[in-house]
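Chain naming follows the written order as A, B and C, and within any one chain the residues start at number 1.
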Amino acid sequence: MILEMSGIQKSFGGLEVLKDISLEVDSGEVVSVIGPSGSGKSTLLRCATFLETIDAGEIRYMGKPAAATGSQGKAVYVSHSELNEVKRYFGLVFQQFNLFPHFSVLRNIMDAPVFVQKRPKEEVHAEAMELLRKMNLENRADAYPCQLSGGQQQRVAIARALALKPSILFFDEPTSALDPELTGEVLKVIRQLAEEKMTMVVVTHEMPFARAVSNRVIFMDRGVIVEQGDPEEVFGNPKQERTVQFLRNYQR
Amino acid sequence: MKKTLAVMLAVLLVPAAIMGCGSNSASGNADAGGAKYVFLEEDLGVESYAIGFRVGDEELAEQVSGAVQALVLDGTYAKIGENYPEIKDYLCLTPEGIDESTLPAKGSGDSSFTFKHGFDLDYPPYSYRQDDGTVGGFDVELCQAVCEYLGWGYEAVPFNWDAKDMELNAKSCDCIWSGFTKEGREDDYTWGITYSNNTQGILVPADSDIKTLADLKGKIVGVQTATSAYDMLEDSQKELADTFSELKVYETYTVAYNDLKAGAIDAIAIDMTAGSFLIADDNK
Amino acid sequence: MSFSTMLYTMGEGMLRTCAIFILTILFSLPLGLVIMFLRRSRFFIVRTITKFYIAVMRGTPLMLQLLMWYFGPYYLFGMNIRGYRFAAIIIGFSMNYAAYFAEIYRGGMETIPQGQYEAAEVLGYGKAQTFFKIILPQVVKAILPSVTNEIITLVKDTSLAFTLAYNEMFSLAKQIAASQTSFVPFVVAGVFYFVANYAVAFTMEFIEKKFDYYK
């Protein structure tokens, strides 16, 4: 198992956003998380990437514990240095890309591997150029984020995440901030990664994409996982009334 | 580059223009013949300039006063006065009546002591920045002579006049000696000898229709803040000041004088020595 | 006094003015950063004290503060303040300008989207690395125009050193104006301030252009 989350609870000021959620992701799996806004799917992703701290529950990456419920029923995180170890297993692509505007495209990709992971510059450079080729952006290496379209920026963000060689890559609504005509180029890249057996969890509103690319679809609503399973099953023959309703609204 | 040039040109032109204006307005008054600015015959009152010490510093005050008297006897006092024509007539100490036996002997002071002379550099001709750019003035020269006589070291402590009491109390200087008026401040300091008198007067353009203090009714009169002239107009001469249409208070007499030249005010209340110094160039 | 003597005398004052200016910039820019961090501290008490400090520094005349810094040690602790004049001026200016810079920095920090911090965190940057590598360069770009304003104000504010009778250029201009009964020293002073500020504006524009490569 790459990621194991169990019994995750999270509330914001008394409002329960995640109610006892469990999620396991195996190597090579592509999991899509769908659901109405406010269902807690983005919060789940932020908890998995430690941008939010969980109130209770357990998180493990590659079998290594990151957080577990302590004796007082509250989640206790491992030490700072151990957490930094665990952080190396995942990458995250944001809805708003969050590229560093003052770095060139190449530096955005190379900076963390070189300065955080302390890897040799030449090696990282070669890998970064390879990633850019894969993103079809090899001629934009010296450009700055402000000179790129949203779709191009998001592809750079994906390359930046991949440069750290994560075992699992999270996407938080990667196409929601893009103009409709630009979503295709980003989804194409994610699809390509899926073919290469990259382990991914994608929070998305792109239903056809989720259906076509994922191995598993999770439907969340009001802080719980309502239904999950094979995409054909969930989309083609949903068992739960709430799933039916959500999908019906979506198709209209 | 063009922009830079234009700006440089503007920078060079501005002072030229201002200086040009200044000389024009000055020559505009030239028809008075000889003196362009004069003091009214009536004055506002007489005051005495003395050396102010921290309250309780009696011994120091006595030593310095004694040394000043010794310099009167040996003629140094009068000789320094010769350098300052505006002051000469107001020096009030004469050898008559000075008992030489009570004075400190030459070189009798503690040679390791440095006397810190606190003064205002904006107050010609008592203490000011001289033509060669160095610090000088009657008070400065006299104080230096006192230190030399007693065998002390001399240290100039030019201060901001508004902060003079803080400087004195915080001991960054040992005295206030800078055309310092005694009247009205008798209890605030331990006073050394009065070495100069001064008269507060009213300065007007020679061709002005103001001839007496009564003519100042309804006129605009300028004065420098924190001066004796200002204090008088606020206190003993308050009734007179109330007849003015406005008493304009300036940071320095330099600005007040330029306002007088430009015709923005009608008269200036100022002591005779500082006033004479102010008008010396224009009355040449 | 000849014009050249006047220029020479005022030239010494210009050097002193420049000394105040340069030392103040040197101390207040980094000090402002420290104050900004204290102002954003997690601890209520630190935050409150810093807020109060900034309020006092911005809410009282600099002239008063200079008097405080110079005479304070004597009146409060009876210390000998001889030879302390220049240090008091630099402390006074630096503490005052640091407060202004701290608020400018804080404003700059608030223009940085939360996503920048999150991206840096996920990529594994430490707190200090995130600040100096990711956040600060963007803050600097955002605040340059306000900093330029503040620096230009400082050039002119140096004249307040006359409060403590430090013979910087404007004090000398006043003294020479008094002894020469002339306005020319003020004109010379004006030209100096203008040229100095033109140089400041020119330099800052150059630096701003350096940051123009991204939006």
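Please note the rule applied: contacts are C-beta pairs under 8 Å (C-beta built on N, C-alpha and C of every residue); 3 or more make two chains touch, one makes a residue touch a chain.
Computed from a predicted structure; not experimentally measured.
If the chains shown are joined wherever they touch, the resulting network is a simple chain of contacts running from one end to the other without closing.
Taking the mean of each chain's C-alpha atoms as its centre, the chain lying closest to the overall protein C-alpha centroid is C.
Once the centre of each chain is set as its mean CA position, chain B and chain C turn out to be 35 Å apart. Between chain A and chain B the centroid-to-centroid distance comes to 81 Å (mean Cα coordinates, whole Å).
Distance between chain A and chain C, defined via averaged C-alpha coordinates, is recorded as 46 Å. In chain C, no residue touches at least two other chains. Chain A makes touch with chain C in their complex at residues 49-51, 84, 87-88, 90-92, 94, 96, 98-102, 111-112, 115-117, 144-146, 160-161, 164.
Taken together, the chain B residues at the contact with chain C in this complex read 7, 11, 14-15, 18-19, 22, 121-124, 128-133, 157-160, 162-163, 166-167, 169-172, 252-254, 257-258, 277-282. Of all residues in chain C, only 113, 115-116, 118-125, 129, 133-134, 137-138, 141, 213-215 touch chain A in the complex they form.
By the touch criterion stated above, chain C contacts chain B in their complex at residues 1-2, 5-6, 8-9, 67, 71, 74-75, 80-82, 85, 162-165, 167, 171-172, 174-184, 187-188, 190-191, 194-195, 198.
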